[in-house]
Each structure stands twice: as structure tokens, then as C-alpha cells.
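The structures considered in this document are given below.
Presented sequentially are two complexes of chain A, the first with chain B as partner and the second with chain C.
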Partner chain A sequence: MPPERAWRSGRGGAHMRLRGLVRKEFLQILRDPSSIAIAFVMPVVLLLLFGYGVSMDARHVPLAMVVEQPDADTAGLVGAFGNTEYFHPIAMPDMRSAERAMLAGRVSGIVHLRADFSRRLHSAGGAPIQLILNGVDANYARLIQGYVQGVWGAWLTQRARLQGARLPLAVDLQPRVWFNGNFRSRDYLVPGLIVVIMTLIGALLTALVMAREWERGTMEALLVTPVRMREILIGKLIPYFVLGMGGMALSVAMAVWLFQVPLRGSLWVLTLSSALFLGAALGMGLLISITARNQFVAGLLAIITTFLPAFILSGFIFDIGSMPTVVQWITRLMAARYFVAILQTSFLAGDVWPVLLPNALALMGMAVIFLGLSRRRARKRLE
Partner chain B sequence: MTAARRILALTIKEFLALMKDRFSRVVVVVPPLLQTLAFGYAASFDLNHVPFAVYDEDGGAGARELVARFAAAPAFQQRAVIHRHADIRPLIDNRKVLMVLHIGPQFGRRLALGEPAPLQIVIDGRNSNTAAIALNYARSIVTGFNRQWAADRGRGGPPAFVEARAWFNPNLESRWFFVPGIIGLLTLVVTMMVTALSVAREREQGTFDQLLVTPMRPAEILVGKALPGLIIGVLEGAVITLIAVYWFQVPLLGSLTALFVGLCLFLLSAIGIGLMISSLSVTLQQALLGAFLFLVPAVILSGFATPIANMPEAVQLLTYANPLRYFVVVLRGVFLQGAPFGLLVGQFWPMAVIGLVTLTAAGWLFRRRMH
Partner chain C sequence: MIVAAAAPAPASGTDLVLRLSGVDKRFGKPPHVVQALHGVDLEVRRGRVTGLIGPDGAGKTTLMRIASGLLTPERGAVQALGFDAARQSLQVQSRVGYMPQRFGLYEDLSVQENLDLYADLQGVAPTARAPRYRELMHMTGLASFTRRLAGRLSGGMKQKLGLACTLVHPPELLLLDEPTVGVDPVSRRELWQIVYRLVREQSMTVLLSTAYLDEAERCAEVILLHEGRVLGHGAPGDFSQPLTGRSFRVTAPDIGKRALQARLGTKPGVVDAVIQGEHVRVVLDAGTAQHPNALPRDLPGATIKPVPPRFEDAFVTMIRGDRPGRPVEVPAMTGAANTDGTVIQVRHLDRRFGDFYAVRDLSFDVRRGEVFGLLGANGAGKSTTFRMLCGLLPASGGRLSVAGVDLRTASATARARIGYMSQKFSLYGNLSVHQNLRFFASAYGLTGRSHRQRIDAALTGFELEGYRDTESQTLPLGYKQRLALACALLHQPDILFLDEPTSGVDPLARREFWARIGALAEGGVTVLVTTHFMEEAEYCDRMAIMAAGRILALGTPEQIKARARGAAKPEPGEETTMEDAFIALIEAAKRQETQTDAA
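And then the complex of A and B:
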């Protein structure tokens, strides 16, 4: 068969046409390297910034210590605050100056021991350790409160041991934290960040590609060739899928070697679920691109539908189970949500199939829906 | 034509370009408002109905009373009772429960003898922040139980106890903390959308060159491109503020003047950055990449979700170039602390400086295109 005939029809033709399209797309990527920057520079910059920058762990929290009548008892307690890495106690002469320091943001809390502290320490009712917190950042305040409780508990235990007495506590809480015993917040933030970054990459890579062809009129040129719409779409997807997987591999490598996040699950599970997620993310970008048919609107849609929803509604930082039911349903529409569950489990817990399987199926379903919708909406005709 | 009329004409043209397209009109208005509602509910560190299981090897009255306290707390919800140690692992691994309360067989005896009776809590640390918060809740339940137990039996409690009180947000509701921040997040996203892509689009379509041959001066083009972003940003900021106050019931203690001065300065700096990105990019794809490369760090390093004080020194220095960092402080200050205008000046001027620098740079980049 002469080559022209093969180009026109038949399986061999489809193969050739697809190869041509993929080649063209790769050449276009090389000509405007911003796609390569999206896949490889963005994950490096963002992961470096966040891997080092974002942390939920408070260390050396500045705490004002107001002791109205210093003596041996109060010195022991103040010393206990100084002995942990959580606090940086700063002695203040009175409450007025401590309150001023807190309003100015120089301290995050005030520990106030009244003049009768030592007397009440030996009385039946016990002595209050007054703790005043700046409640504007409620979570931080609660964290500090927890640390103060910890210092208080340690101080009580040590005091009881020194006096040879029993710890007068009915129930002693002994936490056992699985998967992340040291509460290293980086270990769960980095997998979550990978999801946010991959969501952006997926949308950025494909959100504009179809719209660009329509806008520049090259789509019409493509339409008069024998290529089918299916082939155009697959031809668009393959190069960006390869780039996206490259970006993912780079992110995982940085997580494991640079940030020392343990990877307890197997690599093939990670690869497979990344492929599924990328399918959904690229499919969503493609759908945006096809629906908008105009790069500007596609860009608007890509910005508004990807970053903040992936950041806030994915369970990356905020616990989905604690959200109201309606909002929980909305989170089910986010591919990022399923990928966060997969990555956090896969990195920290291992191949736990009852978690991985339903989430992977959901990702597969979303990929199929987005790609199917793209296929349906991309008709080979002019309007 | 005077400069003012030329600017007005360009502003009107920009609005028409944005609003005549059915899609872009909807995209600029509807999603940010819907997202305000969804994010307002979602962005919270308060835990509700955290599922837990009970593994009680003791079964005595004390153990039951302790478990009842957990079951009654709104933060927790009992999902399962298990009878074998081996059942703990699958429950936690599969995320059926976040934590398991393990009460050993000696619990009741030690409680009766007045020895500390251990309550072991096995908790899923995959999200270590959620785990830490849940443990804090658990700790306060146990502390309450201990005090009650000691008081009922006339025994002395611990010789000292922590008495915590929080200013500005007595119940430590984390929604109060996040909802004002969302105003900054969404107005930033909207102005980025409107400005970062606008010049890039004109350049890609070649209409920017036509604009440059009109009698308009670069500064006038700059103002004409900046005004639509400012107007849309202020309007959406106002609507989101209304949602925060009337829907989410976040107290607004400070002055609206301070809030809107902050909003305008913040928008100016965001517009400056958006126009800079826009004039640096040759294609829309590059502008989109630039917008994300600014947006994502700006949000994550703003103190919106994680405190800036926890960041390493070098990163903290970087946050000084981030206008959202200042605006988040203004928002929380005005909403929760009732901060007066004077106290916020320290946040206002850095935003003004960032705005001036970036707008000047964008103007210079426009001019450079001309020659």
C-alpha cells in the first residue's frame, strides 16, 4: 500500500497519525519551554519552599512568665518550662507588661503564678497555673495549651518522685501515635503538597492546549485532515502525561531523599495511582480547554478550580471527617481528595488495600468521566 | 481626549472584554462566592465526630464512666467495641477509626487503690496535626475525669492545675481564625485572574501593539488595566465580608475604614504583581504559570493556615515580600481584635511599598515593549 493510502485509513494509519500528532506536540513543548518548566521547575521550587517553610510544629514559643512571689516551688515550675524545646520563657515583672507584650505579638501566651501559688500548692484545692493565650490563631493557641499541659504533667511527676509520693492522678493518659510517632508534620505535609502541586501541573499542562488550537485557528486546519478527534485528544494527552509522570517522579524523589519522608508502601502502587490521578487531572484540564475554546477563559477556570479547592477541600490540612455533610459531599468531587488519602497512606502506613483500593477506583472513575466528557464535547465541527 | 477620559475608555473596554463573554462573566463572579461558603465550613481545625473504638479489658464502673465521657463529647463518636488486641491494627490501618481507647485489665483495681491507672490511646498519626488536636481533646477529657473522681472521693487532686483563658476568641473556634483569611485568599485569586492574564492575552493576540500606537501613554494603559481588577476585587471583598459577618457570624470588632484601606492597598500590590507577570510573559501559558508560581507560595507562606513563626528564618524573610502576609494580619486584627487604624499602619505601608514597586516595574516593562 502506498504511504498516502495508509495515512488515510486502517489501523496502521491510525498509528502513524497518532505518532505524527505526538511528535508535533512534543516539538511544540520544546519550542515554548514553559510546559517543561511547569513539569519540572514548579515541583522543585514549590517543594523546596514548602518542605522547609511549612510546619505545624511549634518550637521555642515565646511565653511570658509572670511570677508574683518567686520561691523554690515556682522556680521548679519555671525551670520545667525552660527545659523543653517547645517554649522560650521570658520573665516579666508584672501582668501589665506581659499583656502589652502579647498585644504587640512578642509573646504567644502568658503564664501567671499568683502570690499565693506556693501556699495553695500545699492546700487541698491545689494552686492554679493561670495561662492566658492569644486566641486569634485558635489552633496555635490550642497547641500551646497542649504543650503547657505536657509541661505541667512532667513537672507533677517529677515533683511526686522527688517527694517520694504517688502521683495523685486517677487516670494517666498514655498516647501511642502510630505511623508518625514524633509528630513530624513534614511527613504528612509533603505528600499533601505533592498532591496540590500535581493538581496544578495537570491543569496547567492541558488547560490551554485545546483552547490554543481553537483560538489560533490551527484546529480548523487539523479538522480538515483525516485525523479523528479521538486521535487528536490522545495525541495531546500522551506528551503531557509523560511530562506529568516525570514531575511526579521528581517530587517523590525529593520527598524521600531530601525531606526524609518514609516511603513504606510499594513503588508500583505509587506509580499506578499517580497515573490514575494524572489521568483525572489532565482530563479535567482537557475538559476545561474544550469547554472554554478560548485561552483566557480556560486560564481563569484553571486558576479558580484547581489550587484553592485542592488546598482546602482535599483533606491535605483540614480534616474532611469534621466538615459538615454537605461540604463532605463536595469534597468527593475533588480528585485531589482521593490522591491525598492514597499518598498519606502509601508514604506513612504502607500498602493498606482497604484504603488504597476505593480511592484508586474513585480516581479511575473520575479519569474516565473527565476524558469521556472531553471526548463527547470535542466534536469535529465548526460552530 | 484628556488622560482621564482615555483611562475611562480603556477601563470600560476591559470591563466589556471580561463581561461580554458569558463564560468569563460567570467564572469571575460565581465560583469565588460559592468557594467562600464551602471553604468557610471546610477550613477549620476543630474536630467533630472523630471516630474511635473501645478496647476495654477491665469493664469496671470507672472504665465505663471514662468511656462515657468520650462518647458524650461532640468531638468524638464511638464506632466500635473490640475484644482482642489484634483488632486494633485493622481498624486504624483502614482508617475506620482515628483512635482506640485501650483500658488494661488492672485499670479498676489501680483506680480503687489510688494508683495512676493507665489509659492507652492508640492514634493514627498519618495526619499528625489531626492526631495532636485529638490527643489534646482526649487530655482535657481525662483531666476533667480526674478532677471529678478526686472530688467525689474527697481526695486531693493534683497540687496544681492549668487554668487556661483565651483572649479575642474565648472558645478557640478556629472558624473565626480562617474565615477572615478567606477574604484575602479569594480576592487575591480573583485579581490575579483578571490582571495576570489580561496583558498576556493582548500580547498573544497582537492587540497590545495596537494599544501602544494609540495616543495613550504607558502609565495610562497601566491604570486602565489596573482599575477593573481593583473594582472587582473591592466588590467581591465586600460581599465576602458580608458573608463572613452575617452567614458565619464572625465578630467584626474593628473599623470598616481600616478594613477597606487594607483591602485597597492589598489589591494594588496584587494587581502590580499580576500586571508584572502579565507583561513579562509572551504567551498566556507563561502568564498562567507565572500566576500559579506567585499564588501558591503567597497563600501557603501567608500565615493563613500555618503560623509564620514556625517557619525557618530564611523563609520568614521571604514572607516580608508577600502582600497577603500583611493583609491576613489586617483582616484578623480588624475582625477579632478590633485593632484601631493606628495599630495597623505597620501592615499598611509594606503593602503600599510592594504596590508602588510592582506597579512601577509593570509600567517600565510596558514602556520597554514600546521601544
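And then the complex of A and C:
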């Protein structure tokens, strides 16, 4: 066998081919603005948007205050609303203008104190207040309702203490909140975002770059070289795995240092579970690109089957427990769901093995299935 | 049918590099099955250039892909270099070099990085690389461009880089899929020189596919493919030789060349009649060719002269049989009987993209009823010019007017005088022929009786009745082209823009297409057409040859050829083709450039 032939067919050849493919892919990533945008710009934008902009908390909620008969008691109550950071009370002369403000969306609720408020407050039955809420966003409305009750209760308690009387309460509820004691939505949104970002890199970007090779005719040229299909797939996996882990590291760093999200679990658990999730996402991406050979279709498929579920069906924003049973079953097919559970536990609770282990196993299973399927489906043929 | 294919004497086992026997290949699922290859048998022998020749859609690319193991045939056997291409594709692939139609280059990688990638994939030992690269870069003339991104290379340079990448490990069999399509004639000639050198110095075996029939004569052996079947196999001379004494050139200065062609084309005994410069080239059937002088007897002032047959004569005769060409009926186009004069006027037109001039200082006029051609390779600036004329792209500088107005700012009435047919035909693939016509008729604002009448006229005039309810995406390419032209003519425009209208259609459809265009021009329609088929320039009344955004030459085909003859060394007796003229002009321009640089 001539030396060159030996070189080409031996292990050295496989190593050389793989090195060539990986180097090519990295050069392309560096030179392609759209890859850089998806891998680095989009994570930063999403994190900043969710970290600073979007918040599921109610803060400075505009609330119309209609006081029919102002006096010391009503002034105290209105003051109590103003003293919390949750509300921004706006005094309105009558119900009519308050309703108009509500219709126009200038206020999210109306607190109505009737003319007999003070008189009844001092009587045995106690005084009612009327609360009208904009219920379009039901979650938000419930949140405000809770806060209003909180303010109202606190004001009554404080008033009673000042007067030296005890408030007649049947049950004394003393709530304590675990894991996210400050109710900061950022603390669970930012870890969830890491899932979205890694889905983008793992599935969307991978599917797009494979489809691009088909579109530009370079895949055809690759296929007629002595390269194995296995090597082409690994040659795609390695660069995007590195890129995905890079995106993960960037997001974790931003979460911890910029947004002060606590990281209570260990870093190695986070890294390992991220690697498992990325395996599943990359497998999905490759599988899509084997079916769809143009960037438009591949992009749409990736968004519908991976990116949107990562947002909606992962438990990242919407609680899976409160979804209908059928939808809950569907979420079990989404790798993102398991990773969200791991991330939220890892960040907010710590290394809770009974939660981490089953989710990690599920991710591993999905990674094996998707990667195995792409290996089986990928043929060194044009059909 | 002529059997040129007294197939070459059966080659001995070692001499055979590629053999296909009884290969069938289908694509798609019923009811949209396309049979790409029908029982193809062929042999490619060692150490020579074999040309796989046929129009687009003949099955050339499918055949190449089957030979390299990228596709598996439904039936039949494929032996490449002693291996079964379907089952042992990896062995085949480590021994063949295959350049796909789009060259397979990574445009965001530099020349050197592309070479490195393919050297890695082909397993070229690190020590062997430096001398190999040097050799390839020298051969392709890319040595000073190794750091440039492949996407920034010209079409001709991309083609050479693609070739260098497939040659990085010297293959035993080189498969080139339409390497010369869309590349300028100079690069095309250089590619052929490289191919000859590979065969001569390294006794490489080359199978090269092309849609340009005139390239047949450059091959040692030719396999003629048409509609998935092998029509013939032999030396190029074997094909044209039987036609010796049947090809003639008719000249009649008193009759216009189009009228002459139209009259000759319908005469009994004439198999083929095409315009060639100021003459009409005819192929006669065997009987008529005995008495050629009888042919132009009723044509005043006509003379007839025998010429040597060429490959295309043979091809047309083979697929047409000895049936004469049918006369083409052109639906009456009421080219508004305006006064003669200039219809399109272009003065010092520039178009910049960033600091790159796609079109620079362009000036020309097109007169009423004229067929004006813009000729050039991909990237010469034809399409940019075209888009500016149609008002789809603003000019960066200069003036232009079409029918007296700038179409970018023109009213709908001015635009209604324009018909436009794009390269991709712009048809709705999932609508039927009739639905496409109806849609375009409405888009042009035709209503009521005229709407119906124009559609009926188009269906009959373009012989599309048989396909009335066929989805247009399933039409044969020639019919798609007819339909696209019919759509562009529905509103009876008096100016017609045609962007690469004939790319991909077979020579017969092309003849028919040009006959229609000729008839339209006779009827007063002004036609502006772009093409990269040098030979099609012969159909134009006047033309501009473009290269790198500038006009190299402007005039009638004869004038341009004469100018080129002046520029090149005149070779008496040799007929100058448009391609020779193009190459001479480009080289003259280059010489001038270097002289100016030196001065």
C-alpha cells in the first residue's frame, strides 16, 4: 500500500478530516454575522430585556382612589397605598371619571371608599371597601387583588395596634415563602432564559447552517469526498456544542453578576445538565436539517418544534402544573421542560437530587434518541 | 435517426474507467414522476476527455451523481474504477474528483482555506501539500489570490478554484458537471486548456458535461444525451460527418435575414435553418442536397455555398428526424404604428454598489423594431443594466429613457407598453397554464371581451391548448418558456425585455423561440435581450458586448466580428465566431489596460 493511501484510509485520515471540518465550521461562524448574532447578541438582548424590562411582578400599579367623603381615616388608608412600592394611587373625584380612566387603561383598578366609610369603620361590623379590577390579564388582576388585600389588612392591623385594640381575627395566617423570598420574577425568568438561548444555538443555528450547506451546493461537494457521514455530523456537533456552552457561560455570568440571581446549586451540576440538554437540542437541529434542506423551512421547523415550546411549554413562563392534562403530556416531549426544572432548582434551591436526577435522565434519553435518529437518517446520498 | 453510435470498439477491462448499463432513474412520487434516465448504457475510457452533451434536463447531472455514488439508480449497474458505485460509494469517492455545478466552494472561506479543507477531506499528507498547492495555483493562475475570500472571486476564478479543490488529491477519474456554464469565454477557454493538460501530462480520465453543443468538438469522445436517453456515442466527427454535403450557407442581401430564414425554414427539404450573422445556415435532407442550387431559385439575389457540417447540425437532425421545422405562427401583435426612431436611450449610465461599479459609463440606443442583445458572462453587468431599464433599480448616475420616460418614475400607462420575461420565467408553478394566463391578463388590466380574446389568442398562438389545464410547474421547460413569453405579451406591449430567456431550453425550443422573437420584431416590437450564449448574438440586429460593467463593443454582429478580426491576427479562410470575437475583444482591452498602466 503506498504511504499516501495508508494515510487516507487509516485513523489519521479520519482525524484529519474531522479537524478540517471543525476548523472550517469555526471560520464560518467567525465570519458570518448571523451566527454571531444568534450566538452572542441575541442572548445578551434577551437577558437584558427579561432582566430589566419584562417582569411578572406588580410594581407601581396605577390605582384610582375614589373617596366620597375625605377625612382622617380615608387619608390614612390612601397614604398606606402610597407608601408601598406596589401601588401608585391616583385620586379621582368620582366613580364616573375613575371608570373612564379604567376604560382608557390609565389605571389598573379602582378603590372606592363610600361616604359612610369612616362611620362604619368605627361600628362593630367594620367598613367595606369596593375594589374593581381590570381582569383582562387574570394573573395580574389576582396579583393586584392580593396586594390590595395585603395593604388593607396591614392598615387595619396597624390602626388597631395604634388604638390599643386587638383585631378580631379567626385565623392568624403567617406565610413564609421559600426559595424566592422576595418574589423576584427575575430570579426564575433569567435561569429559564438560558434554556431559550441554548435552544437557539443548539437547534435553530445548527438546522440553519446545515440547510445552508444544502442550498449553496457545498454539501454535494462534501458528500463526494471520502468523508464519512458520521464525520460530517460530528464536525457540526463539536463547534455548535462549544458555542452553546459558551452561550450558557455568558448567560450564567450575566445572571449571577449583573442580575444578582442566586446560584445555590453547584456549577458542575449546571454544566453537566447543560451539556445533556445541548445534546438533545443539537440532535433536534440535525434531525430537522436532514428533513428540511432549505433555510426557510429549516428555520420555521426549528422555531415551531424547539424555540416556541422552550418558551411556552417548558414551565419557564407558564406553570406546567396549571395546564390541562393533555398539554401537560405534550410538555413531556419537550427537552426544554426538563432543563427548566433543573435550572430553576439549581439556581433557586440548590442540588436537590430527587428533582435533578429524573430530569437529567430524561434529557440524556432525549439526547440519545435525537442524535441516534439523525445518525440513522443521515445518508451519504442526495435523496 | 442516424446511428453515429457505432459505439467505439469494446474497451478492454483495464481501459474502462466508468461503465453504466441499463440505468434507470426516477424522481418524485406519482403522479409527478420524472424519469430522468431511461436505460442508459455508456462507457468512459481511460486517459481521454469524454463529453456528456445535451440540453438542460437531459439527465446529465443525474448521471454524474450516479457515477459518483451520490444517487442510486432504480435499475441497472454502475461500475466506476472497478467498484460498484451504489454499494461501494466510499471507495469510489476516494478515487474520483467531482466538481458540482456550483463548484462546491465555501464563499466565506479564503482560497487557501478552501484548499486546506479539501486537502484534509481528501487525506492529502501534510508534507505533500506545499508542492501540490504550488502546482495547482500555478495551473489555475490563482497564486496571488490565496488570501481572498472565495465569494469575492469572479465567476471564472471560482470555477478554477473549484477545479483546484477537486484536484487537490489527484483523482483517477475527474467528473466535471457543467463547468463552463455562465463563465466568460476567456475562462472557458482556460478551463479547457487545464483539462487538456491534465489528460496529456497525468493521463487523467475526464467526464465533462455541457449544454453548449459547440463544446462537443473539443472532446475526444462524445456521449449525446437527450431526455434521459443516450442518442449517440462516438468521436465528434462521427456525428457531423454523415451530414457532409448537406450544410449550406445562404446569403440574400435583398431580403432581410429574418424573412430569408422564415422562407427557407418552410421549404420542403430544409431540415434546419438558423440565422448566422448576415447569412442563414441550412441543413438539407439527403435528396435536396443533391441539387442545392435549386433551393434559392425563387429568392431574388440569393446565393448558396456549402459549409462543413457542425455538431449542432447533427444534433438537430437527430432529434428532429428528417422532419422539417414547422413554421411558427406568431399571434398578431399590434405594435402601435409609431414613427420610427429611438425607443431606448441610455447615456453614461452608472450603477455603484458601495465602491464597486456594477455598470460603468454605459451608452447605447435601441431603435424601433430592433432586436438588441446584451452579451456577456455572469457578473458582466447585464442584469443590473436590465433592472435599471425596467425601473426596478435606480441608477447611480447618467440618464436613461424607455419610450421617452424613465420607468422608475413613469406612470402605469408607460409601464403598460413594456413586456418583461425574467430568467426564472416568473410563473405560478401550482396554477394551470390557463390560470396563469388569466392572472397575468388581469394584472395587466385586461377585462371583458379583450381579456378572453387575448387569452384564447395566446393559447392558440403559442400552441398551449393541449396543456391548458396542466399545472405550469410540470410543463417541459420549452413550454414553460412559451407560456412565460405568452404572459409577457398578453397586453400587446411594443417593447419587450427578455432576461436570459433561453437558458436551459433545448436547441429546438430555442430555434422556435427566436423565430417568434424575429416575427415580433418584424411586426415593430422592440426587443432587448440578455444572453450568455455567444451564438445567440447572431440573432440580434445589434448588440453590446459587456465585460466588468463596461461596453467592449457595440454594433451589428458582423461589425463586431470584423473589429475583432482587426484586433486578432487574421486567419484567412477561418470563420470568426462570436466567441472568438469576444475573446479577442477582452484581450485587446486587457492589453490596452496594461499599456495605460505602464504609461
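Throughout what follows, the second predicted complex is superposed on the first by the 373 of 383 C-alpha atoms of A that agree within 3 Å, B and C clash if a C-alpha of one lies under 4 Å from a C-alpha of the other, contacts with A are read in each partner's own complex, and residues count from 1 in each chain.
Following the convention adopted for this analysis, a residue touches a chain if its C-beta (ideal position, glycine included) is under 8 Å from a C-beta of that chain, and two chains touch if they have at least 3 such contacts.
A quick note: this is a predicted structure, and the numbers were derived from the prediction, not measured.
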Inset, instruction - Have a look at where A:E220 lands relative to chain B and chain C in the superposition and call it first, second, both or neither. - result: second
Inset, instruction - Quick one: classify A:V355 as touching chain B (first), chain C (second), both or neither. - result: first
Inset, instruction - Tell me which partner A:G20 touches in the superposition: chain B (first), chain C (second), both or neither. - result: second
Inset, instruction - Go through the superposed model and pick first if A:D32 touches only chain B, second if only chain C, both, or neither. - result: both
Inset, instruction - In the overlay, answer first, second, both or neither for which of chain B and chain C A:T206 touches. - result: neither
Inset, instruction - Once the structures are superposed on A, label A:R228 by its partner contacts, choosing first (chain B), second (chain C), both or neither. - result: second
Inset, instruction - Kindly classify A:S346 by the partners it touches after superposition: chain B alone (first), chain C alone (second), both, or neither? - result: neither
Legend entry - Residues of chain A touched, compared between chain B and chain C (which is higher): B
Inset, instruction - Look at A:S273 in the shared chain and tell me whether it touches chain B only, chain C only, both, or neither; answer first, second, both or neither. - result: neither
Inset, instruction - List the residues of chain A that touch chain B in one complex and chain C in the other. - result: 32
Legend entry - chain C-facing residues of chain A, complex: 3-4, 7-9, 13, 16-17, 19-21, 23-24, 27-28, 31-32, 216-218, 220-228, 380-383
Legend entry - Complex interface listing, chain B residues touching chain A: 21, 23-24, 27-28, 31-32, 35, 38-39, 41-51, 62, 66, 90, 92-95, 98, 111, 114-133, 135-136, 138-140, 142-143, 145-146, 149-150, 155-170, 172-174, 176-177, 185-186, 189, 192-193, 197, 201, 204, 283-289, 291-293, 295-297, 299-301, 305-307, 309-312, 314-315, 318, 332, 336-337
Inset, instruction - Enumerate the contact residues on chain A facing chain B in the complex. - result: 32, 34-35, 37-38, 42, 45-46, 49-50, 52-59, 61, 77, 102, 108, 117, 121-122, 124-143, 145-146, 148-149, 152, 156, 159, 166-181, 183-185, 187-188, 196, 200, 204, 207-208, 212, 291-292, 294-297, 299-305, 307-309, 311-313, 315, 317-319, 321-324, 326-327, 330-331, 341, 344-345, 348-349, 352, 354-355
Legend entry - Interfacial residue positions of chain C with respect to chain A in the complex: 65, 68-72, 89-90, 93-94, 96, 98-109, 113, 116-125, 128, 149, 165, 169
